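Each of the next two complexes has chain A plus one other chain: chain B in the first, chain C in the second.
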Partner chain A sequence: MEVILTNEAITAPPLDLPSREIGACVEFWGIVREQEDGRALTGLHYEAYEPMARREFSRIAAELQKKYPISQALVIHRLGWVPVGEPSLFVRVLAKNRGPALSFCGELIDLMKVAVPIWKLA
Partner chain B sequence: MEVILTNEAITAPPLDLPSREIGACVEFWGIVREQEDGRALTGLHYEAYEPMARREFSRIAAELQKKYPISQALVIHRLGWVPVGEPSLFVRVLAKNRGPALSFCGELIDLMKVAVPIWKLA
Partner chain C sequence: MKVTLLAFASSAERLGWRSREMEATDADTPRTLFARASEDFQPGVARVAVDCEYRDWDTPIGASAREVAIIPPVSGG
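Up next is the complex of A and B:
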């Protein structure tokens, strides 16, 4: 799984299919919302402990790959200040079938929130 | 839910957030694969019975909306000849949270395959 941590606004890279056996592409955008815990925000500031973030993403991807046989995954997480309405996270998963692609994507984000050292500060 | 049935190649419309409370955007691309039931294809031909396809999409969306409170959904299905490697289906779901967005997207496609009169011919 490719992991990109960037201070720039996220743009989705062009979709480049690795084989003619890809039948499903799932893309997820996590967007900063105005309301969080009842407070009105103008944005969030994200910080990462990058070496451990990359290690944890690799570990999670390897674990999920055993359950869900996908072909390729990409995670882009924006760091620094992200205004309301802009994405802080982009995930793309390519697989032969949609079931594994959707499950991989959902569980990746669930596990990321638990294990990957990326913090948000309002 | 907006439903677009088109003979043109699918392109994702620009993402236009309806509110500052959208935290999740799930996008799904269903792509024609080379191998189907052991046969090597160059593409698939899709046909729809359009009035009923639109009715069934509306019915499914209304049903899923009760389970998963999403903000907006869009389905684009390509009809006619779709070459291997090109998308025949695009789904975009916007919601406050990722759980409902991912579930809505996955179940929408499951139910579509069962109930919406769109056929593929190799």
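Up next is the complex of A and C:
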């Protein structure tokens, strides 16, 4: 899985299918909301322990690949200041079928929120 | 040997520092190192990582350890 941690605004790279066997492309955008814990915000600051964040993303992806065989995955997480309404997270999963792609994407995000050392600070 | 202690987010705020070089032995545990670095140290719900892998607070860091990081509850996404 490719992992990109960036201080720049996230742009989705062009879709480049690795084979003609890809039947599903699942994409998720996480966007900074105005309301967080009942407070109105102008944005969030994200901080990461970058080498460990990359390693944890890769570990999680390897675990999920055993359950949900997919062809390719990409995660982009923005760091630093992210204004309300802008994406902080982009995930793209390519697979032969939609089931594994949807499950991989959903569980990757769930597990990220437990183990990947990235923090949002209001 | 020298190790670098790292702190992030709420743990960095609580400790008042983000990085600190420490003299350590392979028998040191993350708990003993952070306790030496900050007198009133309490890990609370934070976890700890040695060289980017989650570890136990009371397991010796070993001779190859270089970085010991306190990891408060994560909130990416």
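Convention: the second predicted complex is superposed on the first by the 122 of 122 C-alpha atoms of A that agree within 3 Å, B and C clash if a C-alpha of one lies under 4 Å from a C-alpha of the other, contacts with A are read in each partner's own complex, and residues count from 1 in each chain.
Going forward, a residue touches a chain if its C-beta (ideal position, glycine included) is under 8 Å from a C-beta of that chain, and two chains touch if they have at least 3 such contacts.
Here the structure is a predicted model, which is why all the values come from computation and not from measurement.
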item: Touched partner set for A:H77, first chain B, second chain C, both or neither; value: second
item: First, second, both or neither for A:L5, with chain B first and chain C second; value: neither
item: First, second, both or neither for A:L17, with chain B first and chain C second; value: first
item: First, second, both or neither for A:L111, with chain B first and chain C second; value: neither
item: Which of chain B and chain C A:G30 touches, first, second, both or neither; value: both
item: Common ground on chain A, meaning residues reached by chain C in one complex and by chain B in the other; value: 30, 109
item: Interface residues, chain C side, partner chain A - complex; value: 6, 8-10, 49, 52-54, 69, 71-72, 74-77
item: Of all residues in chain B, those that touch chain A in their complex; value: 15, 17, 20-35, 84-85, 87, 96, 98-99, 102, 105-106, 109
item: Contact set on chain A toward chain C in their complex; value: 30, 46-49, 51-53, 55, 77, 88-89, 109, 112-121
